[in-house]
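Several structures are given next for inspection.
Next come two complexes built around subunit A: one with subunit B, the other with subunit C.
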Partner chain A sequence: MTRRMRTDIGGWLMILPQMIGIAVFSLIPIAMAILISFSDMLYVQSDSFAALHLIGFAHFGDILTDPLFWRAVLNTFIAALCVPIQMAFGLLIAVLLKRLGKRLKQFFRAVLFIPYVSSMVAVVFMWQYIFEPTGAINSIVTAMGGEAVRFLTDPNWFMPCLILMMTWSGIGYYIILYEAALTNVNQSCIEAAELDGAGRMRRFFSIVVPAISPTTFYLLVMGIINGLQVFTWFQIICANLGDGFLWGPNNTGITIVYYIYQMAYVNQFGMGGAGRACAMSVLLVMIIGILTAVNFLFQKRWVHYD
Partner chain B sequence: MKKGLKLCCGALAFAMAAGLLAGCGDPLREGKTVVTFWGWADDEEAEIVSSQIKWYNENNTDNIYVDYVPRPGDYVAAVNSTLGLDNVDGPDVFYASDEDFKRWVKRGFMADLQDYVDAAEIDLSSMWDSAVYRYRYDPETNTNNPDDHLYALPKDISPTGLFYNKSVFENHGVKVISVDEADLDEFNAGTKADKTGKTKADYGIPEDFEVPAQGFYRQYPYRGGQWRKPQYTDGKVTELMIFNNRIAMSWDEVEDLSMLFTKEDAYNAANLGKSDPTWGYLTHWWFAYGWSVGGDCAVDTTGNGDWEFTLGDETPHYLVYNEDGNYAVGDDYKALFVTKGEGGQLLRSDGTEYTLQAGQTLSGAMPSQRDAFERFVALTVPTGKGGLGISPRPQDVGTTERLSFFTTGRVAMIVEQNYRINSMRHAIGDRFEWDVAPLPIYKEYDLMTGEVSLEGVPAGHSGSTGFCIWSKSKVKDDAFKVIEYLTGETAQRMMANGGYNICIQRDLAQTEYVQANVADGKAPQNISVFVEYGDIQRPGDWWYMPDKTWIEVWAPTLNSDVKNGDRSIDAFFSEYTSLANDALKAYKG
Partner chain C sequence: MTDARKKQLSRYAERAYQVATYALLTLFALLVLLPFYVILVTSLREQYDTMLNGFAWWPKVFDWAGYASIFKPSLYAISIPRAFLVTLLTVIPTVLVGLFFSSLAAFAFAKTKFRGNAIAFSVLLFTMMIPGTITMVPQSLMYAGLGWFNTFAPIMVPGMFGSATCVFFMRQFIKGIPNDLIEAAEIDGLGRFRTFLYIILPLCVPALISQGLLWFIAGYNDYLTPLIYISDLKMYPLQLALAQFRGQFATNIPSLMASSVITMLPLLIIYLTMQKYFIQGIAVSGMKD
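What follows is the complex of A and B.
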């Protein structure tokens, strides 16, 4: 055995545990999901694979003609609007924090990061209280003589409320990353621009924004990937809305992953079950893959690694 | 220092030894077949179940030890994720609510209990028929015919009733009596007191006034006409108003009474949080309305699982009466209603022709399901939008727990299930007096005689939990012995005396359960209303199919725009009827 081979084997042995983990917990489930997506399987359990019956692309055809699926796609993209909102406000707050003294900065950083690490269930209940007909906001509205607004059961208000909740909850993460990125911006470039007469806004948009563009790109890609898989917020809130609000008011609460979850685990018999849920998962992966590819394709135009 | 170290080591050794002892477990378990039993329970119910299990473990002669595992929070998720797998530790006996029952049978989680029940010669007639019936099922055809097999035996039943705020009634000048219809003549004659021990004179009812057999009587009733506010002089009402908690109100009567409590400016924010009621009545379910007149939201039109969405059906139904004057009951324990075909022939809901048997007669035409639905929707729709506005709209309720509207005094009456009684006792305390009454039913009165000329049937939904055996259990025979015990007299007596849920043995519920609950004068004193509903009430529409997809098609709009008054009933049905029918077809085959 040559030295090169010994080195290779050593390397393979070192990554073997990780490879096994990826195979068992990622590759095999992905392959199974693809297989199930071509079957009429209603639910996944021990005896399901013994009776696997393949039905070709039938689920994919059904999904593409299912109005609820397209509603879920629309809702998911609307919900994903919280990503650019978080990025914009995250950057703004990070810039403002940079101007504060050390103690004050640490205080606000902690305060802004707390929602990100808080229990999502607790956060949902808190917001639910705020938005209730007799909750905090409506108490103010009604005290001023207005009529209580049904924030979570009115289709016009439901999604804006959800976007607000998600933005509030996730913005801490964006602030921290942007703060770190701003620290690494080359100060000499800013000073040189200042000497050349560039104003504050010009310096920010022409030097700072390009300098932190790799961070922006990372946050955008990850934000879109996570945003398109939004689930927990909708699941908890719709469940709390009670009977008949499975999809939120007028279907405004259905997202792709929430729909998949309902199909695979809750309403298998009426919604098509595990087979259709897996087919929808495959479509979601394709949507995310295309958007990520587009992002990478266009990054050359606006992301600067220098 | 050394001494301290020794002490620490000693304490550690003792703690470890104690830990080892904990592994020894219950000595009763040794040498016995262990039957694992999963259930959900709050503290109060867990105490009752634990005492039932303790008794069995100490006294059974079947050489069985039951390992009771209460799973309060994650029960449904645990069953869904575990019972479909091989080689996992699952339960032998487990609970299934009627809501999850069909789904779990379809997924193969449950063993067919029919042979066990037949072999053990269990007397099913001693149990509530409506409870046993809901656990019969054919997963192939999605039917519940009397000859379909049992996949569970019922543990309990939890009917719905009308909870009312007695203090508010009395503050508004309504006299609250408790007289069965059969006792009314004696009560009127002043020779018999009502169930609370008070006579007609005690209530201040004029001697020459005959209290009629009505749930709610007032001198100037509203019957679809102009509602008249009672006159009060020096804080006392001058109009005679009587509420009888032993007789069901008609739809008109409950509306009339509710208007008495509903504030004219019910949606004024200034009313929020006040203890005086803002609204008269809160009912979330349309079942009592539609079922009372023979309607339903979905009907198996062939008896072979061909379901159709019928919430907006405009066909009037006719109730079949037997020779003895009681209404006839079908194989499904529902009152027997028929419709008239084009040729005048009588048709059952499954489309088969029905011939009246000797002595049977037909009622007059009942309001249609659509009529009943419209009456139900009108409760919440504001007056400015063509409704009555006597119930809080969905937008008023929002995500607030419905029960709290009653316990905080914001509605005077609420329809709720029996299992909420304990929550009510805790939440209301001594703040006001309350009790229960029968659910309203459809009634028409003869204007001349005041007698009932047309009457629907008492109807409403009840919840239930069943005992099942896991299809992969290795000790099914022993597991069934445990179920036999749990549904039998000894265990059910403990349940009845625990006073929590209504036990499944009819006789025990009618006697010991009622006695345990009314002891010490605690509310609700009229709890026998729930027991009387044991055989009458049926599972809600969430039980019809193996899951709720078909309900989710139309219910969100009903529970928001329609009940808020923002969408017309016509628009609702034109948009959702075909969608609901498509969803129902998905279950066939």
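What follows is the complex of A and C.
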């Protein structure tokens, strides 16, 4: 055996477990999902795949004419607003942190990152209690003479509350990535601009923002991929709200993946089952894929790698 | 305007800016901490007080019954201490085995010029971008076929093969290890695998800690996987047990809040003592080459 072949075999042996994992738990399931999306499979059972019965594009037609699906699409995009919100506040806080001394910086960073390590279920309890009709926010509202608001069962308030909750929970990640990006900005560039008479705002938007654009791009791409799959928050809250609030108040709590989950695991028969759930997930991947492709196409316009 | 006046003005501006910085950061920090304060205070109140009077900023009487209820045996077969144990026993082995195979693959990707290296690595990057939703139902079918429903296998097995994110991070880290070190090991007669075991892994400890911690947190907080696969109440991991706790104690708000506090506490302690590793692990995840 030649040395070259031994290197090849050695290399592949080392990546083998990882590659098996990817093949078995990602690549094969993707192919299966596409196949299942053309079938009438209802329940997730051990013999469902062996008894696969193809029915063509029926599910896709049904989904695209299902008003609840479009509601879910709308809600998902509204919920994804927390990505730009987190980017804006994350950058603002990172800029502010940069001005602090070492100890204070560490303190604030530690505090602001705590929600990121907190369990989602506990965080939901926490916020739900804050939004209760007799909860913390309403205790302030009523103390100021206002009328208590039923935040989580009011269709106008449900989504803003969720966005606040998700922003609160995820902001630490954005702060840390932006902080890391800011430390890599070329200081002499900023000083040169200052000597040329550029004001604080001008320096920020003309030098700092372009310099950190790769991080912004990364956050945007991953934010869209993850943000459009938002689900667990909605599932826990709607389950806690109880009967009559399966999709939150007035359907404001249905997101694409929440719909898929209910279809595949809970309400199979009534909603079209596993087959339609897979068809919907294929559509979701297409939406995310198109947006990601657009992102990559337009990155030349505004992302600067040096 | 004279120069001195200008200077003084800009000094005022600088001062104002500094004050605004402190004010804003304090405000944000309070907003982040406020919800924690709310549950902490509520967890220490008396049950009838919370039902009668709604929210209060301070307990009338400090009552530890909420915390005591967590450790009492429950009628519904859900026990937070046992669920905590289940979580530890399922997450820790997964993370350890997964870290090992991830860094093994990362070593190959970073330091071995085998044919197919670049292609295999792009497949890996591709799977990192694939929305996980699409694999949810087919994975369930596979697990159903394997008889994995209501076992810990769906929580544990997939991660043990390694995680793409972790490979990516470890590859960056191992790239920074000088080649001389590896060549020296090979001259000493260590094979590829033993070089990894005895030279590379010990050097990777800081990176392994930061990846392991992030992975542990994700596993500790995972709610969806057990929700789909675990139906036996006795096998509930922490997050599921906590969610179930609500149904059981819907009217016992202090108990509910106490269970939330107790659930978050271990991670909070780990995070506060090992902050440095977290920040590093996360900061690097955003730097792609």
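What we mean here is this: the second predicted complex is superposed on the first by the 300 of 306 C-alpha atoms of A that agree within 3 Å, B and C clash if a C-alpha of one lies under 4 Å from a C-alpha of the other, contacts with A are read in each partner's own complex, and residues count from 1 in each chain.
Here is the rule we use: contacts are C-beta pairs under 8 Å (C-beta built on N, C-alpha and C of every residue); 3 or more make two chains touch, one makes a residue touch a chain.
If you're wondering where the values come from, they're calculated on a predicted model, not measured in any experiment.
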Kindly classify A:Ile15 by the partners it touches after superposition: subunit B alone (first), subunit C alone (second), both, or neither?
second
Just checking: does A:Glu132 make contact with subunit B only, subunit C only, both, or neither of them? Give me first, second, both or neither.
both
Does subunit B (first) or subunit C (second) touch A:Thr65, or do both, or does neither?
neither
Name the contact category of A:Leu27: first (subunit B only), second (subunit C only), both, or neither.
second
Regarding the shared-chain residue A:Tyr265, is it in contact with subunit B (first), subunit C (second), both, or neither?
both
On the A-aligned overlay, A:Leu177 touches which partner chain: subunit B = first, subunit C = second, or both, or neither?
second
Is subunit A touched at more residues by subunit B or by subunit C?
C
Between subunit B (first) and subunit C (second), which does A:Asn240 come into contact with in this model arrangement: first, second, both, or neither?
both
Taking the superposition on A as described, I'd like to know which of subunit B and subunit C A:Val44 touches: first, second, both or neither.
both
Subunit B/subunit C common contact set on subunit A
44-46, 48, 132, 134, 138, 240, 265
In the complex with subunit A, residue positions of subunit C that touch it
17-18, 21, 24-25, 28-29, 31-36, 38-39, 42, 54-57, 101-102, 104-105, 107-109, 112-117, 120, 123-124, 127, 129-142, 144-145, 147, 158, 160-162, 164, 167, 192-193, 196, 217, 220-221, 223-224, 228, 238-239, 242-243, 246, 253, 256-257, 260-261, 263-264, 267-268, 270-272, 275, 278-279, 282-288
Spell out the part of subunit B that touches subunit A in their complex, as residue ranges.
80, 84-87, 103, 106-108, 267, 269-270, 272-273, 284, 394-400, 545-552, 555-561, 583, 586-587
Considering only the defined contacts, which subunit A positions touch subunit C in the complex?
7-12, 14-15, 17-22, 24-30, 32-33, 36, 44-46, 48-49, 89, 92-93, 96-97, 99-100, 106, 108-115, 117-123, 125-127, 129-130, 132, 134-136, 138-139, 168, 171, 173, 176-177, 179-181, 214-215, 218-219, 225, 228-229, 231-232, 236, 239-240, 257, 260-261, 264-265, 274, 277-278, 281-282, 284-285, 288, 292
In the complex with subunit B, residue positions of subunit A that touch it:
42-48, 128, 131-134, 138, 141-143, 145-148, 150, 152-155, 240-251, 265-272
